[in-house]
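Across the two complexes that follow, chain A remains constant while its partner is chain B and subsequently chain C.
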Partner chain A sequence: MYSFNYERPSGINDAAGAVGEDDKFLAGGQSYLPTLKLRLAQVDKLVDLGGISDLKGISVSGGEISIGAMTTHGTVATSSDVRSSIPALADMAAHIGDAQVRNRGTIGGSIANNDPAADYPSALVALNATVHTNKRSITADDFFVDLFETALEDGELITKVTFPVPQKAAYAKFPNPASRFALVGVFVAQTTSGARVAVTGAGPCVFRQSDMEAALSGNFSGAAVKGIQTVADKLNADIHASADYRAHLISVMAARAVDAAS
Partner chain B sequence: MTSVSMTVNGKSVNADVEPNTLLVQFIRENLRLTGTHVGCDTSQCGACTVHVNGDSVKSCTMLAVQADGSDVTTIEGLASGDDLHPMQTAFRENHGLQCGFCTPGMIMSAVDLVKRNPNPTEETIRKELEGNICRCTGYHNIVKSVKDASEKMGG
Partner chain C sequence: MSVENGIGVSVKRKEDQRFITGNGKYLDDINKFGQTHGHFLRSPYAFAKIKNIDLSAAKTAPGVVDIFTGADMTADGIGGLICGWGINSKDGSPHVAPPHPCLATDTVKHVGDQVAFIVAETLQQAKDAAELIDVDYEELKSVTDVRQAAAAGAPQVHEEAAGNQCYDWEIGDKAAVDAAFTNAHHITKIDLINNRVSPNPMEPRAALGEYDPGTGEYTLHTTSQNPHVARLLLSAFVGVAPENKLRVIAPDVGGGFGTKIFLYAEETTAVWASKRVGRPIKWTADRSESFLTDAHGRDHATHAEMAFDADGHILGFRVSTKANMGAYLSTFASAVPTYLYATLLNGQYKMPCIYAEVQALFTNTTPVDAYRGAGRPEATYVVERIMERAARDMNMDPTELRLKNFIQPDAYPYETPVIMTYDTGDYPLTMTTAKDMIDYTGFAARKAKSAANGKLRGIGSSAYIEACGIAPSAAVGSLGAGVGLWESAEVRFNPTGSVTVFTGSHSHGQGHETTFAQLIADQLGVPFESIEVVHGDTTKVPFGMGTYGSRSLAVGGSAITKAADKIVEKAKKIAAHLMEASADDIEHSHGVFSVAGTDKQLTIGEIAFAAYVPHNYPADLEPGLAENAFYDPLNFTFPAGTHIAEVEIDPDTGVVEVVDWAAADDFGNVINPMIVEGQVHGGVAQGIGQALLEGVVYDDDSGQLLTGSYMDYCMPRADNFPNFRVETTNTPCPSNPLGVKGCGEAGAIAAPAALMNAITDALGKEIDMPATSEKVWRAAQNA
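And then the complex of A and B:
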């Protein structure tokens, strides 16, 4: 790692004030520290969010779950509030990385990074979540912009994510057997405003599969989406899978998720 | 340099470190506790697993400064004097190691695993140990050791 300065403020405003143009916020560090170690990034200062208790914790009220940005995947996976309101979200968190990564990695860090193969972006989009920052609220549909790109401005800090409780939901992932990142992951949700299908791992950024959403709105069953193809043109192709293979997996994973939804 | 203070294996330690010092470097090089191993140094193999405030973490993917104020346990802190931790005993009795390089990390992960899953099935053990790699592929006896220890630990 290149050298950098370090600061650990205890308040949200202090953190926002401490981060300059060439500085970065540090959440759980499970993606960013390896990036720094490989010298793929260089910072003047890391502003560690680990000391801000206001950014941690889970609460439920008015048909909505609120998860603080610095809440770890392990905490979400085992939270009785999440398990009872949106079990699909807890299950998804329980399958991110491995146990040690889940003990450090956070929801805020994951979505700010917007890795194309991360699990959380699909959950936020399918569940129609809202990302709250120190400046504004952003719908998940608007938050994830492109490959490793979000709507966050420089120095903008995610404080929490709120998820409306769906009628039912599920996540089905075909993990890369080595990294456990999603080769393809499909999060489906039935909500009061219709079915939502969000796909991660397959393209440069999470996206909604609108043909599947339309099919599910009349008939929420795996059979309704099994035969719906996704155009492979803009999907990822790498040593792990071709674009055609990923396109095929979207239909398979979507059908599995719909059939498992609860 | 940034000053850090933490409790490691029950003893309080203070030091001035560069902010880019990894927790595993701090443990091995400053504290000379070399039971915690560096295998891949890319957050995959789990040989560097320690407990920070009771949770298993990969100490190659955490900065020493992030552990400021924390309670850290390494493999050296598991036994009480000459009495091995039940997980260590189980690994010895079930031949849960071959070359031994991954063993400290395996044991630290396994202790956390049993804390979270007091009576784990073989499937749970295998899933929970996904973050630890044994290049000898000695998983069969590692899983057997964890199962044995979980029963003796009162699961």
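And then the complex of A and C:
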């Protein structure tokens, strides 16, 4: 780790004001601190968001659930509000990393990081969520841009994420056996505006499987998607799985998610 | 009479009190006054020439105490690391052992090879300075795969080793095997990869070197399984200091699995440099360094053929193996794929003849050496996969084929065609026990049920044998070992009757402090709580050979027993004097000495007191009650047994679930059943890990290590396992006084073949380890 400065403001505006060009926000530190420790990154100042109570917490109103950026995976996994309105989301959060990671890692940190194998991006996209920042609101479809890249501008701070409550939804994750991040994760949702299928882990960035969405709009069943293949060209290939295998797993996981949706 | 906390009792491990309360003292917990921190600059390339190293900017960086390169060590007369076991090729020529410098001199030969050693006030400063070192490399084309290393035109890792060959060795009777194959009714052939694994002890390697200018003595704290061996190598071969001026301490060590047997460049450099800088130097590997530099295990490519007669009796066995040595020969590397491997190819069977040849090759990878089981898992893997395959080829039940060919319980001692003499065993019993444990006969019904759920179910066995309790010194000496493999002990009574046991064995997770105390509690009747076991410090314990090869109890424990025998002999004389009887009339049982035919008796505690306060004492006897013993075993020990695995495969994803596991092991007498069961669990877990999940992967092109962290190197976790069923049978070992055989490696030896046989049974086709979900899925698609 290279040395850096550290600040812990207590307000959203203070935090946004404190972060300069070579600075970073620090949330749970579960992704960023290992990067620093391995000297893969260098930072002038860490602006710790842990002291900002406005960024924490979960509320439900008007068919929408709102989760503060600094809410941990553990809190989402065990929230009775989340469990009763979008059980698939709580279930997904319950399968991120291990207990220590879930008690530190946050929704804001996860989506800002946009790891191609992270779970949350698929939930946001499938559930047609909106990311709120200190400057604007961004739909999930627009938020996740590419490998480790989001629509966030320098110094822009995620404040919360809002999820419209779907008719039903589920997440099926095929974990990478080593890291247990998603080798392939498919989040499906039946919403008022139709079926949505978001795939994480398989490509450089979360994406929607539109052939499956079309198939599901008439027939929301696993059988409808099981035979639909995803083109492997743009999928990831590494020592854990070839692109073909990932393509195949998308179909299997999608079907399992659809059948499990509630 | 059974003794409280004596032999056969599942006494809770006394060392766990300190471990689970965070009071263990591991190397990194130790700090010395004035301590500096060492950090290694490592090669980013698999193979490169070093054209220049510019230290100027780094040497003046904040906090830097000094920086050393290979040239400094050479100038100081410090030699390279050696391999302690000489293997001769078929043509009689000795194996090729190229230079193995602690810090590279002109080339780096694997990613992570040491280039410079930076000593600074803090670790961060040392790392900062490392970034300022300017090394001018000329990258060379590298080779990492053992089969490619053998191919014509492959990059040459060492000038000294033409064709990258370290040796081309053979054992057995080639002519007899050729003849057996011409007469065969059936021949089964198989090609197998034994995947390279990374040992991953929980505690990374570490070293703390210091030099005392007053006494001229060096002290090295290091994460070693055998501190005396490390001292011997550092003194006699590397030339750091004479043995009497070098103290090596292995404190609490958090796991070894073999990889902490060897003498490494890092500890050598740290202790040498401590004199140069005049201050203690600590180095602790981070996990990335562990992946890059802890000696790896396995990495064989094997072709095997077995010949049978019409009844399914084995006629002959032929094996050809390429073994990857990595970039340099590690301390015992040469012995692992030869005398620890091919001598076990006889398995549990009556094999009239065997011929094996092993070509060892250098590659641009981390050195490979002993890893839990060391050679014996590789042998079991070949024997047990080909047995299973042969049974399928001949439409026989694989357990029946084995039962038909087993050496029978009345056939001992049994001489194999590959120089081992098995002493005792009951292979049919362990096999039938394991079959009963897992309800072998009910498998067909379970398979049908799985099929109804769209799942593939498989069952597979592994009837393993190992040679451990290594080893008779004369035997290993004749096979090329540079050391003897006896063990030492001292049993020292204190005047108040408590006992300190000094052992040359080293515990790094095995529970010696408990098991060895049980030996003394049993033999000498001393309360368990009053026995302390001391190990791991060359100035405290007598010269010892350390812990590996499941030898600690069979060899180290036997040494303790022999020392205790001497205690009993002396105590009898003291007792006779005190009770005014003849020594011949003194009877001893668990620490109570009585005069035959009378009610006169004395306890060992009373006798110890008399020995230290000898006011009324035999005139011809030395005072004190302490005895030492060195024990050189008569033979290897031969633990053996059968493990049976049952799996269920999801053909849609290729995920293998290990649904059941039966382990029936013959370890001879068992001192602490709980510890033994724990060792079996750990070994099986490691074996399942290798078969299912683990595997070191290098990039073919660049030679980079692709599995350099837990993000990519898959360690097994508790949820990868079923509850293991573990039972032991017992044919006591005749060649040591305790009748014990050793249990530490058995699980890792047995498990890979059992699991792969279950998986290939389910799939109906052969695949190699690790059976990743993609590999299994592909096989299931074309099934």
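Going forward, the second predicted complex is superposed on the first by the 262 of 262 C-alpha atoms of A that agree within 3 Å, B and C clash if a C-alpha of one lies under 4 Å from a C-alpha of the other, contacts with A are read in each partner's own complex, and residues count from 1 in each chain.
In this text, contacts are C-beta pairs under 8 Å (C-beta built on N, C-alpha and C of every residue); 3 or more make two chains touch, one makes a residue touch a chain.
Predicted model, so just to flag it, every value in this text is computed and none were measured.
In the superposition on chain A, contact is made by A:30 with chain B only, not with chain C. Of the two partner chains placed by the overlay, neither chain B nor chain C lies in contact with A:155. More residues of chain A are in touch with B than with the other of chain B and chain C. Residue contacts after overlaying the shared chain place A:100 against chain B, while chain C stays out of touching range. By the document's definition of touching, of the two partners only chain B reaches A:48; chain C does not.
Once chain A of one complex is fitted onto chain A of the other, the partner contacts of A:248 are limited to chain C, with no touch recorded for chain B.
Residue contacts after overlaying the shared chain place A:204 against neither chain B nor chain C.
Of the two partner chains placed by the overlay, only chain C lies in contact with A:39; chain B stays clear of it. In the superposition on chain A, A:239 makes contact with chain C only, not with chain B. Of the two partner chains placed by superposition, chain B and chain C are both touched by A:1.
The interface of chain A with chain B overlaps its interface with chain C at residues 1-3, 178. Interface residues of chain C facing chain A in the complex, by the touch rule stated above, are 124, 127-128, 288, 652-653, 693, 697, 706-707, 710-715, 772-774, 777-778. On the chain A side of its complex with chain C, the touching residues are 1-3, 38-39, 174, 177-179, 181, 239-242, 245, 248-249, 252. Note for the complex: chain B touches chain A at residues 2, 18-20, 41-44, 46, 49, 55-58, 61-63, 65-66, 68, 109, 112-113, 116, 128-132. In the complex of the two chains, the chain A residues touching chain B come out as 1-6, 8, 26, 29-30, 33-34, 36-37, 46, 48, 50, 74, 78, 97-101, 103-104, 178, 180.
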